[in-house]
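Chain IDs A, B, C, D, E, F, G, H, I, J, K and L follow the sequence of writing; residue 1 opens each chain.
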Amino acid sequence: MKKIAVINGPNLNLLGRREPEIYGRVSLEAIQQALEERFGGRCSLTFFQSNSEGGLIDHIQGLGGRAEGLVINAGAYTHTSVAIRDALLAAAVPFVEVHLSNVFAREGFRHSSTLSDKAVGVICGFGPLGYELAVEGLLEAIGA
Amino acid sequence: MKKIAVINGPNLNLLGRREPEIYGRVSLEAIQQALEERFGGRCSLTFFQSNSEGGLIDHIQGLGGRAEGLVINAGAYTHTSVAIRDALLAAAVPFVEVHLSNVFAREGFRHSSTLSDKAVGVICGFGPLGYELAVEGLLEAIGA
Amino acid sequence: MKKIAVINGPNLNLLGRREPEIYGRVSLEAIQQALEERFGGRCSLTFFQSNSEGGLIDHIQGLGGRAEGLVINAGAYTHTSVAIRDALLAAAVPFVEVHLSNVFAREGFRHSSTLSDKAVGVICGFGPLGYELAVEGLLEAIGA
Amino acid sequence: MKKIAVINGPNLNLLGRREPEIYGRVSLEAIQQALEERFGGRCSLTFFQSNSEGGLIDHIQGLGGRAEGLVINAGAYTHTSVAIRDALLAAAVPFVEVHLSNVFAREGFRHSSTLSDKAVGVICGFGPLGYELAVEGLLEAIGA
Amino acid sequence: MKKIAVINGPNLNLLGRREPEIYGRVSLEAIQQALEERFGGRCSLTFFQSNSEGGLIDHIQGLGGRAEGLVINAGAYTHTSVAIRDALLAAAVPFVEVHLSNVFAREGFRHSSTLSDKAVGVICGFGPLGYELAVEGLLEAIGA
Amino acid sequence: MKKIAVINGPNLNLLGRREPEIYGRVSLEAIQQALEERFGGRCSLTFFQSNSEGGLIDHIQGLGGRAEGLVINAGAYTHTSVAIRDALLAAAVPFVEVHLSNVFAREGFRHSSTLSDKAVGVICGFGPLGYELAVEGLLEAIGA
Amino acid sequence: MKKIAVINGPNLNLLGRREPEIYGRVSLEAIQQALEERFGGRCSLTFFQSNSEGGLIDHIQGLGGRAEGLVINAGAYTHTSVAIRDALLAAAVPFVEVHLSNVFAREGFRHSSTLSDKAVGVICGFGPLGYELAVEGLLEAIGA
Amino acid sequence: MKKIAVINGPNLNLLGRREPEIYGRVSLEAIQQALEERFGGRCSLTFFQSNSEGGLIDHIQGLGGRAEGLVINAGAYTHTSVAIRDALLAAAVPFVEVHLSNVFAREGFRHSSTLSDKAVGVICGFGPLGYELAVEGLLEAIGA
Amino acid sequence: MKKIAVINGPNLNLLGRREPEIYGRVSLEAIQQALEERFGGRCSLTFFQSNSEGGLIDHIQGLGGRAEGLVINAGAYTHTSVAIRDALLAAAVPFVEVHLSNVFAREGFRHSSTLSDKAVGVICGFGPLGYELAVEGLLEAIGA
Amino acid sequence: MKKIAVINGPNLNLLGRREPEIYGRVSLEAIQQALEERFGGRCSLTFFQSNSEGGLIDHIQGLGGRAEGLVINAGAYTHTSVAIRDALLAAAVPFVEVHLSNVFAREGFRHSSTLSDKAVGVICGFGPLGYELAVEGLLEAIGA
Amino acid sequence: MKKIAVINGPNLNLLGRREPEIYGRVSLEAIQQALEERFGGRCSLTFFQSNSEGGLIDHIQGLGGRAEGLVINAGAYTHTSVAIRDALLAAAVPFVEVHLSNVFAREGFRHSSTLSDKAVGVICGFGPLGYELAVEGLLEAIGA
Amino acid sequence: MKKIAVINGPNLNLLGRREPEIYGRVSLEAIQQALEERFGGRCSLTFFQSNSEGGLIDHIQGLGGRAEGLVINAGAYTHTSVAIRDALLAAAVPFVEVHLSNVFAREGFRHSSTLSDKAVGVICGFGPLGYELAVEGLLEAIGA
């Protein structure tokens, strides 16, 4: 079974409680559980969340050979972090970029991403389901 | 069962034959068949493709009450057509924007869309599977 | 009597039903009827609507010597079509640009027009009445 | 009868004498007379012209409840004055923006207006008749 | 006792009546009274308001040696007037820039100021209290 | 003999009658005839003109294996159409971009082309002769 | 008594020693002591400083219901951090943005803030006193 | 003898006292006297200064046929006033733009002028002597 | 016979040896020979190449009445030299701009030319043949 | 007597013959003679013209201690040459920038200068007389 | 002996393993060893690497008087971190900016640095040797 | 021994005398001597300086097979010359870009280089030592 890492960036630990009109009322734990239920038989999933740019980089580096694909919602770091981009490139593992909200319907600074051009694909606007779509897309992309 | 319209823009009729290193070797018919197989039991699907901006607008207008959701790959018109945006807004039906390739990894003029900010969500880079993810996302969005 | 052509672009056939909070509840037919009533005695009016950029160009070309002035609401093509601009220049007939809504109060991409600098004048924001003002302005401009 | 204030900005007192190839040979007085003739029976009209930005603001403030709609040709201040915009917003009365010349056919700095997005509508390019069209549009907008 | 001049620009004479959802319901007189009450014992305060850019410049010039510090809310001129900047530089007296509303939460053209880089400091968003904070900050800055 | 398709975009059917001070007084038919005369012995030429972006795409797609090189004057679509670019790329046939007028001596929006970077070469400013130069250049480029 | 959190970002722990010609010679501890002295009777104050973007986010998240208002000097993160903006929005507590120096008199990249448009207000240029003004403004804003 | 009007804008009445390190220590009166001495025998000179944009426009309008050439130092209005540009164009009299300081060595917003492209010529950086050079240049330009 | 000058700018003396994957393997001498062969009977040709901007200007000036048309490949100076543009304008002789490579398919700074808007026409991308097309186009333009 | 060097850049040797509607009909020699006549008694003048950027730099370097002031019309190099700017700065001698035509009334690329911010002053639009004004301004600036 | 701190930012701990075609196959440890070997006799070297922006700031602050010069490769933070710039300015110690790859040959966002204008100098493109060049340059700059 | 060419652009012949606060007091001859002393045993060095863009291109072309690497300080041409870039690319020899001053700490137009993206590496800010660092870096890059 392929090993897939699901990585979440800043403020996503607040999911369900944070600005629910934008981000919905489903917690990160519930999202992770849904992923396990849907894909548990097809791949091995690990989860990580951090509010720290450096912490996210440390984690991505530490995945080493232990992940064959990544799903990342880098949250606000999507728009500002070159360092996470570099960590993903160093990991040399296919990744999918996911966002809960439709970033293109929000502030202009959320329309650009430092990650998108290096991703397998991008999914946004589908709330918690977006993670499921991302894992499905990733599994296909890596031939799993 | 919800009625879903799947709409494809210019040059997508060539799928499978056109620049296969970018767009892959799967034809539009095969994509439609895969959608029917996966979602045939959950929703009623219709398909349309046109190379004409006006033709696409005519079609969207004609859907009237006969579609409760749209999946649209407007192809190159994604980046230039305000008129299709207006037709979608006039239709007042939730829609998902899908692209076969990762538009953010291509020419700069493919990074902007006249549709994204009004879409439920955006999916790109997953090839034919992207349409399936789009329909799944759309069905959830419209509560189907 | 001067011959005036009134030309409407994409999605304007939906008038009265489309986003009525922006475009109002008056149909294109009613607008045309009001024009006939007000100006029927002063000029001869023809009407045309198309969702197709090429169709609009074909029509403008076909007017040939049969129109001495144009009122055009090019809808979304106002912001993207150089080809309609060229068709109008080729027709070499004075034209007035009209919009139902106040385009300057809407999205930034609606603030620029490919037609305005070649028009006799521009009128926007007055809903259906705008067409009447446009015809009155055009008739004065062409000395009718 | 509705009370309508017609306000003109800098250099419009020179109308008829100033750059007649752009602004025509009709004086501001003649414009005002034409307005009185056409709309005298439908609304009560007042007129004001000033070369001073502050003077225009003073006047707009002073209208208080004495105007139910404004037609304003702010002249060159159209492109530079945020303060007149603020005065109009403070007045909280619907207004129409009018220009004698087609500002979009002139220097680039005349293509932007600090007023347009707050106006009922915009009319330009019709010379003196533009004021009449503006009043007619305004009267309709305020239900007069 | 230090002499402090409090200067208000266009439309601020309408305070309390003008767009109260943005500017609140407190009049300029009430603001001035509050300043007198809080700082009357620490400094001598003078007040001036004008809708005229030239009038504001005349007043700033006329302060001559009669003010050792200024608090200025230049209103809309904040964003357009180089001449008031020059008058303040000519006065060669420390000044504080204050705005009732949070200008950064409003239209883009309100985000830039011709004065800020020459001010002691900037305060915005606190409504009438902002003037009190400005005077306190100014007094400290001039060692009063 | 190599098969060469000569494709003309919007308003070029009016050639000879349209703005002759810019586009000259030679008709499209005369241009085609001159091409036949000069190159009839070296290659097989087909001609197509349409005012419709979709029509042009349909035609380019339909050329399939029946053209080994294209000369295209996309007219106003040169500056706005990504879809024609995509059709040309899908056709995977070398093409030359030609314009009758010197587009760089005209409005700024005519200085950019969605096609140029994918063309064999670009020729503009030589009027009808430009088509002949284009065919000669194309024949050399495809080794005919 | 209202609970107010005072949060300082990177390098502010060096206050008094760091570039004193810009930031002055008062330490962060002294600032905190002054706040306690002035506002100790009106509200309950907590203090936090971190050089880490993630650390600041963790802290803001952790405040939960334990703060009814925030004063934040995000230091250099003011100009680069969308994640802190998001943490503040998630906290859903009114906040005031404060800077010791007049950021508008410094490098261009210090003129923009990711926080300002969501703040109650902004105060800059008043050195240590700015924190006092910020707390006073915040208390008024939250009705304390 | 030709009639020449010398017009000065905001803050130039302070000359000699205002920021002398930029503007020097010569008063406007002394400049005027030097002009009279040098050119008194060649032309008739009038002088005007105002801090008010409207006042400057009123004055330029009032010159009517009474000036055959203008020298204008519009001060800060140089960079912001379209209305003074329009007044000068309405006056239809050749004018020279002059600045005491070298505006190109100062803040970026002083590098653009709303007047320059319509002036006979521009002179800056020569302090009071600049007015003399301007009059000499103007006299030559008008053939005096 | 018309006299035509063919002028080449910097690094074009290296043709055939320089970056052959971009510029091909044909030397400048061979190009000149081909021009002589094709056009020797129709016009008199002179050739010049220099790496020096000043040298090119000297040469263009020296042509005086000895050239009735120019073909110029200004090489890299195309993108940076206003002085060569001015020399061409001073020569007041029709000229054609030619490039061996398709400049629009290369670095962005090669997409703009200081010469194009003043040329009869522009030809690029056809390698050595481009010079022949340029001479043919030029001869037609000057009626030879 | 002060030593003044008058330096002219590319194409200025053609003066009187080159585009006379822009540059007039006076030759460079005549300009130099007029300078000698007017200033021969006040300063010692030398003249230099070159079409070569390097030649101009060589000359400026060679002036060494032999010039106490420069008047430079760098022609087209004004807008493109950083190297001449550097040569002037290395020479460490005050210089005046002069242009025959009003560069601000011409193409946009003539509105910027690499020299202006380091000049004593700038004079443009006065034709040959501009050199005389420049020398007069320079002499005053260097106290001659 | 001078104390020199060598500081490395995010992902540089992966050196030798990360994207070796860009960053080479030499580890950070090997680089440090080479520095010790070459400069061990001339200065005292310390080394630090962190993936955390805050961690890097903490470290720079902690150097206090214990470093007389810094060599910093801030990795991706070079392009996004104002906070590290501020920490370096607070440290008030000369620093050299170094990059392994030639950042100017890579993505556009790597062409700007928040540090460069405050550095002694910048070195990029020389791989591991770049650190040695940087230390040599730094030692000279601090007179060691 | 590898042959290395050291090339200097405009105004660098003045080194030691020109703006010594920026460029230092060491002459170009002294720099060359230091290079000979340090690298004389490792490589063969040649030196060239010219103020002429064309002269620099001529020299680079003339190096032909006689240089296996270049160190170039193109001075001001760094920021404006595409032709030198092209000459270096034509030479097809690795080169290092060096600047005496830290160009990033100077005027904005010195922050961009037409050469950097094609260089092995860039070194700036180390004064004369920079040349030594450049040669060392170059020798390593070419395996000498």
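Following the convention adopted for this analysis, contacts are C-beta pairs under 8 Å (C-beta built on N, C-alpha and C of every residue); 3 or more make two chains touch, one makes a residue touch a chain.
All figures in this text were calculated on a predicted structure; none of them were measured in a lab.
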| item | value |
| --- | --- |
| Lowest number of touching-chain links that must be crossed from subunit A to subunit L | 2 |
| Distance from subunit I to subunit G - Cα centre to Cα centre, in angstrom | 63 |
| CA centroid of subunit B to CA centroid of subunit C, Å | 31 |
| Whole-Å separation of chain centres (CA-atom averages), subunit A against subunit C | 48 |
| Subunit K-subunit L separation of Cα centroids, rounded to whole Å | 24 |
| Residues of subunit B touching at least two other chains | 52-55, 80 |
| In contact (per the touch rule at the top): chain pairs | A-B, A-G, A-K, B-C, B-F, C-D, C-F, D-E, D-H, E-G, E-H, F-I, G-K, H-J, I-J, I-L, J-L, K-L |
| Complex contact set, residues of subunit E against subunit H | 52-55, 57-58, 61, 80-83, 85-87, 89-90, 92, 114 |
| Complex contacts: residues of subunit B adjacent to subunit A | 96, 102, 104-105, 113, 116-127, 129-130, 133, 136-137, 140-141 |
| In the complex, subunit F residues that touch subunit C | 9-11, 13-14, 17-19, 50-55, 75-77, 79-80, 109-110 |
